[in-house]
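First chain A sits with chain B, and in the next complex the same chain sits with chain C.
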Partner chain A sequence: MRATKAAAGTGTGGLLARLRGRQNRNLWFWAFVGPFAIGLALFTYVPLAWSVYLSFFDAHNTVTPTDFVGLDNYTAMLGDDAFVSSLGTFLLFTAFIVPATYVLSLGLALMVNRLRFAQAFFRSVFFLPTACSYVVAALVWKLSIFNGVRFGLANTVLGWFGADQTAWLSTTDPPWYWLVIVTVRLWLQAGFFMILFLAGLQRIPPRLYEAAAVDGARPGWQTLRYITLPQLRATSVAVVLLLVINAFQAFDEFYNLMSDARGYPPYARPPLVYLYYTALGQEQNLGLGSAGAVILALIIAVATVVQARWFGLGRKED
Partner chain B sequence: MAIRRTETTSRSTETGRVRRARAPRDPRVRAGRALRVVTVTVLAVLFLIPFYLLVRNGLATEQDITAPDWTFFPRDLQWSNLTEVFGDPNLPMARALLNSTLIAVSTTVGTVLLASLAGYGLARIPYRHANLVFYAILGTLMVPAAVTFVPSFVLVSSLGWISTLRGLIVPTLFSAFACFMFRQYFLGFPRELEDAARVDGLGYWRTYWRIVVPNSRPVFAAIGTIVFIGAWNAFLWPLVIGQDRESWTVQVALSTFTTAQNLNLHELFIAAAISIAPLVVVFVLLQRYIVAGVERSGIDD
Partner chain C sequence: MTRDIGRRRLFGMAGGVAGGAALTVALAACGSNTGRSGKGSGPALSQWYHQYGEPGAEQAVKRYAAAYDKARVSVQWRPGDYDRQTAAALLTDSGPDVFEVNGPKLDQIKGGQVVDLTAEIEAVKGDFNQAVLAPKIWQDKVWAIPQTIDTQLLFYRKSMLKAAGVEPPRSVDELVEAAKALTARHRKDKVKGLFLGNDGGAAVLGGTPLFAAGLSLITEDGKVGFDDPAAARVLGKVRQLYADESLLLGAPTDWSDPAAFVQGLAAMQWSGLWALPQVEKALGDDFGVLPFPKDGAGKPAVPVGAYGSAVSARSKHRKEARAYVKWLWVDGTDKQEDFALAYGFHIPARTSLAKKAKQLQEGAAADAVSYATEYGHAEPLLWTTPSSTAYQDALNRIIKGGANPESELKGVVRKVEAELQRAKTK
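And now, the complex of A and B:
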């Protein structure tokens, strides 16, 4: 569309000016976009292509393999129980973290939005964890709150009520480690999404609420259900998409919470942790790791397109 | 941004006045309001606990931390923990802070420069294949960087950039996300300003630097702070590339001692507190821009 406009524009001037103008524009376009585009090609497209190439080879500890193995890496990866169960871990994690973050961040936004005083203060407090890294948060969770010994905060508080001590991270039945993993991320990202919801809430025209009040809608649940939530639809779609993508990329808190001097336990391994140990662990099996990366990239691309289509089609109907 | 903020505050006080005039007698409304204040306060305390623990443990003695009875705050603050953590030969704290600073600053400057130029070119300079280029850039958003760490590691290692600052910085400079945000912003930049510059005989380059950039400072600040926070807190890429102790970032150093090696708790916590101090300062000073950046990042279209 922009191209046709440019063509129409060049039709009017003189031949010389037209040529020079067009040339200049192309030249300037690449002067602005070129450095970025070249870098992106070099550091995203080249590695991806190389990785696809490696995934067809037996590449232990080498990036220039000679031993072509066809689809063996792919079948090995998909036949590996640990890889498949890492996908299961991701699904379970997503099932917990996406609704939990959605509800908490929307709830925070709704409450903060209606505060009469200290609104900026509370917004800052809930947003502040965004400044914290997953490494530091995992450190606090692992070594201070849920350290599983008597001086840990969680066990101290439970001790006040006479409860027994719990080894949060090493108990697999019931899987208390999920509580630790999910709360880290919940604390870190709820404020970020609260800001998105606050922005969405402020875009809702106040006259909608006035009209609803005139029509006799009760403030509270009814206005939330019939005005606020439908008006937040676009924000909600964006939030859910971001939450799922973020959950898929989860690595930092899993790695820092679960692994210790003995390595990573055989449970609670999300896909990236599995990939990390396969590709960069002791074996450095880059062929297998590349196959895993390609499979994960395909999964996330398909999932994103499907979600976007799903929500996008819904939006056209309104 | 500033305009919108004042608009909303005036709006909320307005509706507040209406509600106050109509509803204060209704005990249910008052109860609801009180419940909301209590809930928000309790949640705020919960949200602040991790920060409290960082400071408490960071300024306590080892005995205080591991004591079976909980002390809310150490009686004698151990400021000597600060000197201890920088003097510990096991933990290269000063070097890690230096690395993190170099990486975060140069990543921020580089990313903002490259992405804003590209975003402006895509938004404003007519070129026949501009859409094609745009979709090629947008396509990389579908493949998150975390999934490409294996192939990127392959590339960086064959360039011989493992454990170098180059390897830690250069591959992260090309953020399709930042480029996309800049493009969306420049599409809405008032064309009249640029046309006036064009009449004065300025080309694209000088229009960009003299007219567009000076009038877009809030957006540069917003995207810049978001990039800075991301770079400072990044973990997976520095973990993969920074293999020598000399090239550890703060996050990698902290992680090493959280996951494997034994270190005194008070040292680890004061180190962690030091590592988030710069970001807390950035947050307090630049929150306006960060909020604007977050809002911008959530706009989906």
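And now, the complex of A and C:
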């Protein structure tokens, strides 16, 4: 900044030159950042603000409503059993999928890290599902692995042991549909987080393990608990944050696994799916949908702040 | 598979295959193919259809449009989630002038999104099937012209019923018994008695069991039509089908596709009229069709519905658009007949045409037409999305979760009453 000012002060161009900055730096800054900033404002911030605005109106089939209703949409949404239960679904899902993916991807990383040969091969194999789309994977799960008839993969395998065919997605007692939803997400995301853990593991200096061994630490649990996990702390924080954000975005596999031409069953219905039907269905109740979205956004914001505090995100590593 | 979905979603409220529908809508809005093909003179009109699965249907509607000489009509054939695409497009100025709609919904009419077409249909109003016309009417005005009628039926495999010693069911109790007996008889082949869709029937049956029990969703004078012990009774029987494990669940294709029935995964299946040619081709005469059987004091029931042709209130050429709709869907009987029967299998919305059509005069097709005329019921206009969501959720919980039908329905009645109140006050 000081350099820029000095340059402008000695120059003769006046305001324009000052605005451009030394070597046209400001100009170049906006040339590169501008398109992105405009896109961000236009496609993220404007819709966001508009959605908040809509949430205070009765906006059926319109984005320019006139019928101000105050907080009615919010009370309606919070009094709606289906929405409240969808929030419950979503917390349950997060509470399960985050630790499950964490453990699975850490386990994979520890195993792959110990491999003496073909490490690159296994790393790639486990990473590959990440490249698959949620929609495609959900359809494969729904139509071929976990379909309910005798020729579905899961039922074929169980059939060898004499079990009856199970309708995985239609059975609510026990809730087998959760098995389908959770496995597809585990398959899709475990590989990616395994790569993060692998990078973390490779940064741990071998001398720490050597010193521990000299001090008499047994390999296995003790080393894992007192050397590996503390050393992976930075990676773990990042992984957990990403996992929680991913869980908040639960939509794709739920929608593609559970919805049918008539809508979505009242089971395993996360809030995004519910809002999608409220705001974007033929009903087009954009006010109510926006109110739900704002409530959801507030919950996510609070959760993120709490999490960041708890992990000490942004604090200097000690 | 996706190719067929649009047509099959006939009475559907929502859904589809694409995940990010917002994205779909956005992309669709920038679609490059404007399909300007009309060669007539006059103003340019754009007309939207959802994607019908039948080969030839798209060429047919483009042919009709090209034959119109008072405007240059360009047809857009829109795959994907059509209901959402139109809903979003109607908010803007770049939407269609004329469009077919699975509705219009009450809020679309009240929001002034569609134009009154009463004058266009007036002369021949009596010739339209009244059951499907009724939901297009609000405050004595007609808001869309019904195009073709679709209905749903219970398909049964004669040979399988015979092997199990079961008669085609004439009541819901008989249906429960038949499905149970058929499942038991064919257990070793892993054939189930009945297929009502992969969710056990909640989605596709909707209000049909209520109608079969002599009730309705909303009465003619605008009150909740199922606040009655008979409603809980009949839904309890549908639950029984699920509890008996007589239902096929988790088939690769859903109820709209006759594949499960044709492949012998189930002895009976609830599916659409559109499936009839396919079933006939695969099974010859080893099948029959029934309406949803009656329960107690009711009558058998089948759902009917029709896509309607509507004119957008944002159109810049409303007068011309109305004239075009009248030309095609009111006066153009030859085209209506061609559209209903030459490609897929629908019943023309005009009763006089339905009576004339040869394809509908014999065999299972004739049965289907008589069921649709005699037992057909359409979803009323006042049956809005919040009402139907509450009802569908309850039905799901009753069928799959074994929830108490009485207390579930009580909650639904409360919600529907509130919704009816909202409809009346605004």
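As a working rule, the second predicted complex is superposed on the first by the 280 of 318 C-alpha atoms of A that agree within 3 Å, B and C clash if a C-alpha of one lies under 4 Å from a C-alpha of the other, contacts with A are read in each partner's own complex, and residues count from 1 in each chain.
Note that contacts are C-beta pairs under 8 Å (C-beta built on N, C-alpha and C of every residue); 3 or more make two chains touch, one makes a residue touch a chain.
Predicted model only: the values in this text are computed from it and were never measured.
Once chain A of one complex is fitted onto chain A of the other, the partner contacts of A:Thr75 are absent, as it touches neither chain B nor chain C. In the superposed model, A:Trp28 lies in contact with chain B only, and not with chain C.
Look at A:Val63: by the touch rule set out above, it reaches both chain B and chain C. Of the two partner chains placed by the overlay, only chain C lies in contact with A:Thr172; chain B stays clear of it.
Contacts of A:Gln222 after superposition: neither chain B nor chain C is touched. After overlaying the two complexes on the shared chain, residue contacts for A:Tyr277 are found with chain C alone; chain B is out of touch.
Touch counts on chain A: comparing chain C and chain B, the chain ahead is B. By the touch criterion defined above, A:Phe192 lies against chain B but remains apart from chain C after alignment on the C-alpha atoms of chain A. Applying the stated contact rule after C-alpha superposition, one finds that A:Pro265 touches chain C and leaves chain B untouched. After overlaying the two complexes on the shared chain, residue contacts for A:Phe146 are found with chain C alone; chain B is out of touch. In the superposition on the C-alpha atoms of chain A, the part of chain A touched by chain B in one complex and by chain C in the other spans residues 63, 134-135, 143-144, 150, 251-252, 255-256, 259-261, 276, 280. Across the interface of their complex, chain C is touched by residues 60-63, 82, 134-135, 143-144, 146-150, 152, 165-173, 251-252, 255-256, 259-267, 276-277, 280-285 of chain A.
On the chain A side of its complex with chain B, the touching residues are 1-3, 5-6, 9, 24-26, 28-33, 35-37, 39-40, 43-48, 50-51, 54, 63-64, 108, 111-116, 122, 124-145, 150-151, 153, 156, 187, 191-192, 195-196, 199, 202, 206, 209, 219-220, 234-235, 237-239, 241-242, 245, 248-249, 251-252, 255-256, 259-261, 272, 275-276, 279-280, 286, 289-290, 292-293, 296-297, 300-301, 304-305. The touching residues of chain C, counted against chain A in their complex, run 5, 8-9, 12-22, 83-84, 87-88, 90-91, 102-103, 105, 107-108, 110-111, 113, 190, 197-200, 202-204, 206, 248-252, 254, 256, 260, 265, 384-386, 388-390, 392-393, 396-397, 400-402. Contact residues of chain B toward chain A in the complex are 4, 8, 11-12, 14-16, 29, 32-33, 36-37, 39-40, 43-44, 47-51, 53-54, 57, 65-68, 70, 114-115, 117-118, 120-122, 125-131, 133, 136-137, 140, 142-144, 146-155, 157-158, 170-171, 173-174, 176, 179, 203-205, 208, 229, 232-233, 235-236, 239-240, 251, 254-255, 258-261, 265, 268-269, 272, 275-276, 279-280, 282-283, 287, 290-291, 294-295, 298-300.
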